[in-house]
Amino acid sequence: MSDWLTSLQTDTPQQGFELAIQLARKGVAYTQPSAEIRNQLRDAYANNADSLTQSSQVIATHYQTVAAANDYWK
Amino acid sequence: MSDWLTSLQTDTPQQGFELAIQLARKGVAYTQPSAEIRNQLRDAYANNADSLTQSSQVIATHYQTVAAANDYWK
Amino acid sequence: MSDWLTSLQTDTPQQGFELAIQLARKGVAYTQPSAEIRNQLRDAYANNADSLTQSSQVIATHYQTVAAANDYWK
Amino acid sequence: MSDWLTSLQTDTPQQGFELAIQLARKGVAYTQPSAEIRNQLRDAYANNADSLTQSSQVIATHYQTVAAANDYWK
Amino acid sequence: MSDWLTSLQTDTPQQGFELAIQLARKGVAYTQPSAEIRNQLRDAYANNADSLTQSSQVIATHYQTVAAANDYWK
Amino acid sequence: MSDWLTSLQTDTPQQGFELAIQLARKGVAYTQPSAEIRNQLRDAYANNADSLTQSSQVIATHYQTVAAANDYWK
């Protein structure tokens, strides 16, 4: 893939959260490279509560990493 | 999204827990932006034990981050 | 909610474990505030091995936080 | 419950692993206090690969805590 | 297995992410050594949203390790 | 059980990964002590993508512990 991640540092906790979301999605994209198929799948899981919770779990895990990388924006 | 997260610091462990809940919900909201659909889904998973446990797992993961950010309110 | 969590510090590792259980249950209670419904759900998942394992997973995650907050009661 | 956990320190990494197993089981026992029911459930999940993997996941999570508490027995 | 992992250090956060993906896949390959069977399985889970999310979760967990090993590329 | 784990220190990151695999399997073996039954179960889950992913998740969790124990082999 082309360059998409050059730093884990962000200016704010919210930007860090959005980076965590990007990392979660990239974890999917490396396994399923087709954006078309990913969009089809999203229609299904975006309307399934358990699927959404699992997605939120992946984001939470990446947010631990990003927050630590930024020393929790203290 | 508009600004919704400016700091991971909270005054008390309980406020930190409530922030963890907010983070868990935001992880869902970025994937399913429709509040109407999220409310419909909540009716179902709020009455399903396993779905509630999974939600509690996401909160637990975020609480690790928030607690570390606050040096555990020591 | 009223105040229910004022500190993550406990006197013993066992009290810390019991606090982790409380945190796991609170994560459920914020999503399903009805104690009556939660009690109904408990009858089901308390007799399902996989549900119990998932509950134990949430407790384990919170226990990491509580143990770190107490410097592992060294 | 009576006292069952007075320290996270163990002499060896293996004893720490066995403590992690005990913690995983205690997480179940607090939710399902009946040893008779737990034994019945064990017959089922001990013969189900995915259930065993989930149990192993809980142990792994507790082992992180126990290992950190012992500074990894360095 | 032959040598496939000599260091957790990488030059960039993105290379670290790609190492996390490799670690996630190796975790599968040690259990299912047949590349042919793994390729067959990939066709199925690469088109299943929940399977992709779970894969992304494993990557997220390994990325915590790799990022810490690189002091978050600060 | 007889002694099977005397140290979390390994010479290389790859040996650490293989130790993480051993820990994941031991977590199963303590619950299902019969090697014969475990081998039967492996035939099933080694051909199921989601089961393999879950196994990889347990390995990832243990690898965090082993890597930290070795200061990431820096």
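By written order: A, B, C, D, E and F. Residues from 1 in each chain.
Methods note: contacts are C-beta pairs under 8 Å (C-beta built on N, C-alpha and C of every residue); 3 or more make two chains touch, one makes a residue touch a chain.
Treat the numbers as computed from the prediction; the structure is a model and nothing was measured.
*Asks:* Please identify each chain that touches chain A as well as chain F.
*Replies:* Joint contacts, listed by label: E.
*Asks:* Does the chain C and chain D pair touch with the same residues on each side or with different residues, judged by whether over half of the numbers are shared?
*Replies:* different
*Asks:* For the sequence-identical pair chain B and chain C, what is the superposition rotation angle on Cα atoms, to the nearest 5 degrees?
*Replies:* Fitting chain B to chain C on C-alpha atoms yields 60 degrees.
*Asks:* Name the chain whose C-alpha centroid is most distant from the C-alpha centroid of chain C.
*Replies:* With centres defined by C-alpha atoms, farthest from chain C sits E.
*Asks:* Can you give the whole-Å distance between the Cα centres of chain B and chain D?
*Replies:* 27
*Asks:* Let me have the rounded angstrom distance from the C-alpha centre of chain A over to the C-alpha centre of chain D, please.
*Replies:* Centre-to-centre distance between chain A and chain D: 31 Å.
*Asks:* Taking each chain's centre as the mean of its CA atoms, how far is chain E from chain F in angstrom?
*Replies:* Averaging C-alpha atoms per chain gives centres 15 Å apart.
*Asks:* Touching at least two other chains at once: which residues of chain A meet that condition?
*Replies:* Within chain A, residues 42, 45, 50, 54-55, 57, 61, 64, 68 contact more than one other chain.
*Asks:* Once you draw an edge for every pair of touching chains, what topology comes out, line, ring, star, complete or other?
*Replies:* ring
*Asks:* What order do the chains sit in around the ring if I start at chain C and move toward chain D?
*Replies:* Loop order (chain C start, chain D next): C, D, F, E, A, B.
*Asks:* State the interface residues of chain F toward chain E in the complex, per the touch definition above.
*Replies:* Contacts found on chain F: 12-14, 17-18, 21, 42, 45-50, 52-57, 59-61, 63-64, 67-68, 72-74.
*Asks:* Quick check on the complex: what are the chain F residues that touch chain D?
*Replies:* 1, 3-9, 23-28, 30-32, 37, 41-42, 44-45, 50-51, 54-55, 57-58, 61-62, 64-65, 68-69
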